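Each of the next two complexes has chain A plus one other chain: chain B in the first, chain C in the second.
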Partner chain A sequence: MMTPEPAHGAIGLDPQACTSCMLCVRECPTWCIELGSHTEEVSDPGARRPRTVNVLDSFAIDYGLCMYCGICIEVCPFDALAWSPDAADPTADPGGLVLGIDQLRGWFATPSDS
Partner chain B sequence: MTAVGAGAPPGPGAAIPEVPASAWEQALRELSEAGFDCLDFLTAVDRGHCRQVIARIRRSADWQAAMVSTQVAAAAPVLASATGVFPGASWHERETAEMFGIEFEGLADSRPLLLRAQPAKPPLLRGEFLPARVARPWPGAAEPEVGADGRRAGNPSRRRQRPLGVPDEPAQGRP
Partner chain C sequence: MRLAGEPVIVVELTHLSLACCALEVEAALREGLMPEEPDGPPGAARDVDGHVLLVAGTVTEALVPAVRAAWERLPEPRFVMSFGACANSGGPYWDASTVRSGVDRDLPVGAYVPGCPPRPDSLAAAIRSLLGSTAQRMPA
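Let's look at the complex of A and B:
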């Protein structure tokens, strides 16, 4: 479903840019974002000790709760979230509005102008 | 009436013209007579000491919008109904009565609109906690899980994050 651009139809995620910092989850007024992550140690050549990095496991937006305020997009320091002109499809039950990384990644590939 | 901005559409952050509560119905009537014949929206904001009621009215001829607001005391939130001027205000006033506890004098239809059961206190007042905020765990409390080596990432002494607007003791938030 397309709306005229620039449109705030849905929010897309770039999982590669996300650092699991949790800022979007904590700023969301409707508590509609759930993020799961774990840490891994990365050894850099020449470094004295390994670095600890967050690895994103899951990211879901409940479009039954989202009010499209865009605060998550504003607060993301890594531009991992962006508006998409697409919109979440209607579903037969509220659980179907919880959309995970696969759906959100597709929306990030088709961003709005603003 | 000069108090009502009937010119350019009010943009975000623009001050909304205010009239005394006693002049509310008259202000709406004057707007209606000036061609603003379509009630767009009516709602309220809890300002603590008072509750602000806001109406947005459009002129169907050119779709220009005007806004007007008034204040009612939090202790006695009573306001004349706008349904005498705009019958469509009934829907908005039923919602505003339910959510902000404002009594609209002259509102013929006082049936509940959105809530299945009227809570003890109107749910959109700032002093009220939403039951869902107490019943549901805050997703922001999650931290990256324990790593494969069994060590927990980050500084374990870091203060635990709290959601904004939710009491420390969840029991306080129960209605």
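Let's look at the complex of A and C:
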């Protein structure tokens, strides 16, 4: 028998939509999100000074800490985070529940309705 | 209990009910999310594949000796399952001085189950990950 739906699945990330604003990291009650980014200058033709944009380098959720509360999803201004019907699997590796961009991007590809 | 599926797993669960996750474990056991195989015919009984210490809930510093004692009483082959965020890492209380930030500080955890609480069907999945390869070698 499967878990009845809707169930808390995993949280997926769309790295293209993420602006590294850090809201999710700051709002997370358990501090389970780690985000790395740097800034780059973009020179637009005709602009008086270059713009500065954030570039996402790394993003990881520690599912050993995550409470699946969904606050990160709620606060994200760009809908870069979303529930996925998939779930993080039990693991024997102590660090195996820290999942990075590659895994989280895969989960974003199959967002759930809830 | 005998966990149905391929292979059938005979497991003795020692459930340390420390917080709300304990209710989720009971729910998983009762709601059919742990499909149970009926006992085989008399004489077909086989030894358990393993003893699992199921740590479900917040491990406070005061409880650490009791958790250790429960582990030391388990016969071999034995395994520790850390069920839920509190047992995995302390969960929402990871920075509290009275809470152990992860039962793996005291015991050799064989399966970390994510969630707050974990999905009920992940209990069976975790038992399978701990004992599946052992049970494969045992005659059903």
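As a convention for this text, the second predicted complex is superposed on the first by the 107 of 114 C-alpha atoms of A that agree within 3 Å, B and C clash if a C-alpha of one lies under 4 Å from a C-alpha of the other, contacts with A are read in each partner's own complex, and residues count from 1 in each chain.
In this text, a residue touches a chain if its C-beta (ideal position, glycine included) is under 8 Å from a C-beta of that chain, and two chains touch if they have at least 3 such contacts.
Fair warning: this is a prediction, and the values are worked out from it, not measured in the lab.
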(message) Quick check on the superposed pair: does A:25 touch chain B, chain C, both, or neither? Answer first, second, both or neither.
(response) first
(message) Output check: A:92 vs chain B and chain C. Expected answer is one of first, second, both, neither. What do you get?
(response) second
(request) Pick one for A:16: touches chain B only (first), chain C only (second), both, or neither. (result) neither
(request) Please indicate which partner A:54 is in contact with in the superposed arrangement: first for chain B, second for chain C, both, or neither. (result) first
(message) Touch test for A:33: chain B only (first), chain C only (second), both, or neither?
(response) first
(request) With the two complexes superposed on chain A, say which partner A:66 touches: chain B (first), chain C (second), both, or neither. (result) second
(request) For A:41, select first, second, both or neither according to whether it touches chain B, chain C, the two together, or no partner. (result) first
(request) Of the two partners chain B and chain C, indicate the one touching more residues belonging to chain A. (result) C
(message) Give me the intersection of chain A's contacts with chain B and its contacts with chain C, in residue numbers.
(response) none
(request) Name, in rising order, each residue of chain A that touches chain B in their complex. (result) 20, 22, 25-26, 28, 31, 33-41, 52, 54-55
(request) State the interface residues of chain B toward chain A in the complex, per the touch definition above. (result) 133, 136, 138-140, 142-149, 153, 161, 163
(message) Quick check on the complex: what are the chain C residues that touch chain A?
(response) 32-33, 35, 81, 85, 88-92, 94, 102, 104, 109-116, 118-122, 125-126, 129
(request) Report the residues of chain A in contact with chain C in the complex, numbered from low to high. (result) 1-3, 7-8, 29-30, 62-69, 87-94, 96-97
